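We call the chains A, B and C, going by the order they appear; numbering starts again at 1 in every chain.
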Amino acid sequence: MTADPNSPDVEPIPPGAPSPGRAVLDAHLVVDRGTFRLDLPLTIRPGEVVALLGPNGAGKTTALRALAGLLPLTDGHLSLAGRHLDHPGRRIWTPTEQRPIGVVFQDYLLFPHLTALDNVAFGPRRQGLDRQRARQRAADWLVRVGLADHARRKPRQLSGGQAQRVALARALAVDPALLLLDEPLAALDARTRLDTRARLQHHLAGHAGATLLVTHDPIDAVVLADRLVIIEHGQVVQEGDVATVTAQPRTDYVARLVGLNLYRGHADGHLVLITDGFTLVTNDRQHGDVFVAFAPSAVALHPHRPEGSPRNTWPATVAGVQRHGDNLRVQLDGRVTVAADITPAAAAHLRLTPGQTLWVAVKAAETRVYPAAAAATNAGVG
Amino acid sequence: MTTRRLALFAALLTVALTGCGGGETTDARPPGGAVTGDVTVLAAASLTESFTRIGEDFEAANPGVRVTFSFAGSSALANQINQGAPADVFASASPANMTTVIDAGNGDGNPRVFVRNQLVIAVPDGNPGGVNGLADLAQPGVKVALCAEQVPCGAAAARALDAAGTKLTPVTLEQDVKAALSKVRLGEVDTALVYRSDVRAADDDVDGIEFPESAGAVNDYPIVVLRNAPNQPAALAFVEHVLSGPGQAVLAAAGFQAP
Amino acid sequence: MPQPDKVAVAPARSAPSPRSRRTGQVPVALLLPAAIGLLFLLLPLAGLLIRTPWSTLPQRLTEPGVLTALRLSVQAATLATLLCLVLGVPLAWLLARVDFPGRRLVRALVTVPLVLPPVVGGVALLLVFGRRGILGGWLDSTFGVTLPFTTAGVVLAEAFVAMPFLVIAVEGALRGADVRYEEAAATLGAGRWTTFTHVTLPLVAPGIAAGAVLCWARALGEFGATITFAGNFPGRTQTMPLAVYLALETDLEAAIVLSLVLLTVSVVILASLRDRWLGSS
């Protein structure tokens, strides 16, 4: 099945697909697994870090395994650094070991019987370097990740953060055209994660190839990635640079991810009709189908109907209260569901109890309104 | 070999069963002189076919008697008797194993030789090795199986070869006569020295060749009633039956010689 | 979890395991049958020791046949174990890692020598490798190789009976091993063979060692298949169990001495291997 990987053919670009441009990775990943179908167009430019975000079961792992060659595509195509690696339509298939990739697995999967040095040297050895040179390259990489004095240690003698850095060195030591990171920080405790994330950011910035970061942690994505691709149920629901996606979520999942209240409605000037009889007043002027987003911190809660400035007020009942940083996040039901962040002092003043009825107030100036019609960078939202 | 192990197991089982229930049913001599009850016979493996037949005849002649056999290697049986196995009769394939039992004081009266067995040269059907006499066994390229000298047929073979002045190197020294014979049957060896009765009992795929030197290595089979026999009357009757005309006829048909 | 860069080498065994702190609480319902089980295994051994003729032991041990049979036993069992490793580890890998039709049937067939009476196994081997066997005739006429009644035959018979122990142990180890390590090796450019030799084998090494030890022990004690297939000839095919069996025919004490020698050698070798290979895990 391994067809000529040096085939000079260039895949004809399907209409509507993103232009590969100078992309290192040019792929349209289609994997059918019974009831689940992944359909993910994906291009990554050299040096670019793309974060693939999505809830559990969205297809992130499937996409990563397909890219790594641990799972064959059922349709679509995958080419990397000009080589066709997987193209079922043309019966092209390249096994994992022949792909110019590096993978950092969620729990690192460092070989337990090898030292840190030999773990990192494993890839270079397979690329044909003799033992001496492979170890030299591995030693260089350990220096780069700051673990030169841990070279002789076995994985079980490394802390979580150290193991993560060895895993990163091991993946980068083969100089991959595509670096795949599978939840690279998920196995670390909060304190180690902060430090490791910073180091990871540094190394990703130095990586000349493409990087795909699979994560469900929006902070990892925001800190490490240049661009976000968000999938749900195997489909892209939103894609774009970090600023755009965080400011203008287009699904409930993304809104929760970036911590915004999100509503879809029909705008007519400054008024947006959300549901039957419920209207929000906004500063932005829009017409047609729109999203309205505002932060939980922009929501004020009152024991009685407030008088005066806020244009948007409605009654709601307390559904739940959680800690959120130094504040409390209050979930409220009513004509629409809404999250509000309030200080503990305010909470004490309100004597919050579940089922209690409060008045919600949102200033028009705190809302953002943007069209719901799919833009070029935004794949369709239902 | 399998039969041997199975027989061993059966012997143990028999021992266990008769040991438990023997007291009620044995030692009953009803009016008229006929014997009844269970009688347990430990007999050499080479007697399997003929003693089974004799046992049926004995039961037919004495309604109310049930004969239970345990066939195994004579030395194993001798060990069992000396370890206290409750049995009535011991029929050994060699005087040596009988001596072990008598010396331990486990015999009741003197053992009597009831039959003799003679070695023959066993060859597979068609005789591919071209063996016609004892001297041919020493020919290069002829594969010979003998019994190990520790077992009766091996001792007899050694005597016969000595008597003939034949020296040979067998490919294997089998643990009993049936094992040696099965190597012949399977064609793994060209020939083996086994008892005539074993060749007779085997199927048509083994032929026996008589050789004069075997006269110097005849094996006596002694039989004895055991001292602790639970059913002594029936045991005595059985031994008499073996030595009688009908018993000897069955043994002769099986290839044994009269003593 | 401790801070990343300040963690010293932390030996996994430095902390007392939770189990060791609970020795005082072994339930009687477990302890009693365990003790009876141990007695059941050890009492026959004690029986042998009681009946051992200690006074004549030295001269019996120096009889030439004893050393010959012992050496042959150890050599044959070791060669049989090597044969089982060469053939059994790949077989275990196939059963554990490759999904092929009829895999369950093959797995069941692998265990046949476990349930087959060894003597029947010996006959079966004769029917295949014997002079008139399916392969034996061809081997003889083509290469002049005959296996029955040779030391090679002993090795073959022992390997036949002992291989299931190795295959089952190694397959279990392979199934327990995380296949994702093999995937990680592939992403680093290792093909299936390199992955097998450089990653899979080291990962399941303890399982292979355990299987090899079991396999060796079974081969050392093998009797039925050996005497049936390879026969019994001192110095060539007479291993210790065969010598013990024949000694039983005439001399119980000689048989006991031979058994003791076999037991001692195997216990010493197994105990030292267990410490070296299996550690105290």
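We take it that contacts are C-beta pairs under 8 Å (C-beta built on N, C-alpha and C of every residue); 3 or more make two chains touch, one makes a residue touch a chain.
Composition by chain, UniProt nomenclature: B = Molybdate ABC transporter substrate-binding protein; C = Molybdenum transport system permease.
The model shown is predicted, which means the values in this text are computed figures rather than measured ones.
Path length between chain A and chain B in the chain contact graph, taken as the least number of steps between touching chains: 2.
Of all chains present, the one whose mean CA position sits nearest the global mean of protein CA atoms is C. In this assembly, the chain whose C-alpha centre lies farthest from chain B is A. Rounded to whole angstrom units, the spacing between the C-alpha centres of chain A and chain B is 86. Centroid to centroid, with C-alpha atoms defining each point, chain A and chain C lie 52 Å apart. Chain B and chain C have CA centres that are 37 Å apart.
Shown for chain C are the residues that touch two or more other chains, of which there are none.
Across the complex, chain C meets chain B through its residues 117, 119-120, 123, 126-127, 130-132, 148-149, 224, 227-228, 230-234, 237-238, 242, 245-250, 252. Touching chain C in their complex are the following residues of chain A: 68-70, 95-99, 101-103, 105, 109, 111-114, 122-123, 126-127, 153, 156-162, 170-171, 174, 180, 188-189, 191-192, 195-196. Those residues of chain B whose C-beta lies close enough to touch chain C in the complex are 1-2, 5, 73, 75-76, 79, 143, 145, 148, 150-151, 170-175, 179, 182-183, 186-188.
Across the complex, chain C meets chain A through its residues 1-5, 7, 9-10, 12, 178, 180-181, 183-191, 194, 198-199, 202-203, 205.
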